[in-house]
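Handing you a structure now.
Note that the chains are named A, B and C in the order they appear, and that numbering of residues resets to 1 at the start of each chain.
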């Protein structure tokens, strides 16, 4: 028998191999297919009500009709405020971790804290926001308190993605800058940051997507069941007001209001889901665009 | 050549670097802050009226009773545990399979697509998941299992599994990717099939990362609030089977906090549950971190 | 005559590994000092000590003294001013991800000078001195990272010259570039000698022979021999190890 000739054993091993590959492939697909089916079903149920009016009009007749404008606007306020707070702190924290921190216990603790912060249950964030911002800081239930709660919650997202983009800048660039007498901060400001902006922006987009979808942290810190707001007015809310929010609204009309025609919650869910997925798609497309535009 | 950098610009640089340092440790401050403020609200009850044994071992949760208030959370703990357990039983095998597929078998183009899809899966807000559990899985479960109610452990478990899969897949895939190619090549050179290589070499080599992924999935599930609030029902009871309704720790806080008066006993107890939850997820995250660090030390030595 | 640089019993340790084991010597003003020796003998460490970028390495222990014009460099308060007196060229060419113009203007700008007219003059002068001006003068605003390896190394030299250093350190500058560019840079170094002191660490012993006035042979963190170049490369080298290394018996 030829030494390299295929034996029965090797044939059956190869067949087993193909089965295994097929099994793993199926497992992967099994995760994705139900999702597509679910979204399709939701779209179908939502279609009677989805329209531009749905987005721009306020709820009517006790939420059993009308649109979701106050909730949409509220979410925009909350998300923008949380980004404004979380972005500078997160970026600076990432700069500290990647550029200044030495290899010592403090750095390890900070890294551990970031991971822990990312793993805190959302309801605990709500309790924190309630205790710290609403009560202790005296902000009361307000957009301000809710945004700050969201900012603390999404801080790890910004820290992690900014840190990655900073770390992607080769060390050789920093050394070349130090060699000509530039200080650490000058190097960071003139070379490192401009070449990490893209990664930072990706982090911001991710933050926005997460903040828009959260319910628990805003439930007790500023989001509210119903609030009458002027339709189409982008400045309808004050920072000290409570507000409606898309995520909260979905929860409310699914569980707290009897007799709502099913199309409305489905449509709200689709708007929320669609918003979040579009934002994420943006971030992914942005990342792909950046990869093609490498500057070194 | 020495020019004078303005005094002003050096002062600004000094201030900015201190701002950076403070921001750097902010994560630590926030973690402490969370613990502090949650503890503060529950401290009164904790110090004066709390009976730990009854708290953790009694299934009688009657915080709103007029005559006999009881605060036993055992049934609620069972609720969290059962849903998480079921979720992990579903999520871990599927996640591992998907991670192995993506890492070892997949063509690069398909890999990109799958990773994007999994990112989308991760982005779905928890309230939307809860909504899916309420409006879609609920009638489905009633129909398929002839169950009296579709809001139960099974519903919550499936939803939580779908929510945890992205993070477990992502970390597991990283762990598999981190195994040096030399391991794979050495195994193949010995004549084993790909499956044998994966089963006998790759997975054991990546076991720390895979374990960390699983732990983080558990942490995510235990901490999840809105999805379980909507999908598991409202019964405070130890479940007899997956078709029973339960309440989780997170859902209890979310459902009842709005009904309490600030500073009341009930209010404080809910905060205490919050501390308990925070401690659990803290420990899980700490273990996952140490497990991952274990890999780095190992890799450093080799 | 006072030496430009004086090194006394310099000892450098990374953790448990001793990179330099107590070396002492002097570098004269306006000379080209060649430093030869096999890999990992401490040559790069020596350069990093001179411009104090050794301080960016974690876990480093330093003993001994290094002085420039009689002043202990470790007692100088402004380390950035020190680094501007020392030009450094690393082995791998580095074009910063800025325009070519900004690459050369980087050092003056961070040093506090922002006058466009003066910067224009500096950029042209340094790129000319580095034998790069003719090739890039029409595209000063393109990215420095898009140049070839040889061009990026000359850009690095232009950057090193842009802050008017008194001392120029080159660490195996020709490792990653083609022989033609190497020749051109060697011509540049010969011209620069009259205005600065040059320390040339090289893995190519023939390069030291071509360029250096004196040559030092460093092996395993120790200074084995330092003498006029023609002596080091001849039978009159004092140490047998020097003869062996130069003769190619090890390396």
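As a convention for this text, a contact is a pair of C-beta atoms (placed from the backbone, for glycine too) under 8 Å apart; a residue touches a chain by one contact, two chains touch by 3 or more.
It should be emphasised that the depicted structure is a prediction, and the values quoted were computed from it without experimental measurement.
Trainee: Give the chains in contact with both chain A and chain C, ordered by label.
Mentor: Expected: B.
Trainee: Taking the mean of each chain's Cα atoms, which chain ends up nearest the overall Cα mean?
Mentor: Measuring from the global C-alpha mean, the nearest chain centre belongs to A.
Trainee: Using C-alpha centroids, which chain lies at the maximum separation from chain B?
Mentor: C
Trainee: Could you tell me the distance, in whole angstrom, between the mean C-alpha positions of chain A and chain C?
Mentor: Inter-chain centre distance comes to 48 Å.
Trainee: Quick one: report the Å distance separating chain B from chain C, using the average Cα coordinate of each chain.
Mentor: Between these chains, centre-to-centre, one finds 53 Å.
Trainee: How many angstrom between the C-alpha centroids of chain B and chain A?
Mentor: Between these chains, centre-to-centre, one finds 16 Å.
Trainee: Got the chain A residues that touch at least 2 other chains?
Mentor: Each of 183, 186 in chain A touches at least two other chains.
Trainee: Check each residue of chain C and list the ones that touch at least two other chains.
Mentor: Touching at least two other chains: 81, 84, 110-111, 163.
Trainee: Which residues of chain B are in contact with two or more other chains?
Mentor: If we look for residues of chain B contacting two or more partner chains, we find none.
Trainee: Which residues of chain A touch chain B in the complex?
Mentor: Within the complex, chain A contacts chain B at residues 13-14, 16-17, 20-21, 23-25, 27-28, 30-32, 34-35, 38, 41-42, 88-90, 92-93, 95-97, 100-101, 106, 109-117, 119-128, 130-132, 135-136, 152, 155-156, 159, 183-186, 209-210, 212-216, 219-220, 247-248, 250-251, 254-255, 262, 265-266, 269, 272-273, 276-277, 279-281, 284.
Trainee: Within the complex, which stretch of chain B touches chain A?
Mentor: Per the touch definition, chain B meets chain A at residues 13, 16-17, 19-21, 23-28, 30-31, 33-34, 37-38, 40-41, 93-94, 97-98, 100-102, 105, 114, 116-121, 123-128, 130-132, 134-136, 162, 165, 193-195, 216, 219-220, 222-226, 229-230, 250, 253-254, 257-258, 262, 270-271, 274, 277-278, 281-282, 284-286, 288-289.
Trainee: Write out the stretch or stretches of chain B touching chain C in their complex.
Mentor: Checking each residue of chain B against chain C gives 1-6, 9.
Trainee: Going by the contact rule set out above, which residues of chain C touch chain B in the complex?
Mentor: 81, 84, 108, 110-113, 163-164
Trainee: Along chain C, where are the residues that touch chain A in the complex?
Mentor: My answer: residues 51, 53, 56, 58, 80-84, 87-88, 90, 92, 94-98, 106-107, 109-111, 143, 145, 156, 159-160, 162-163.
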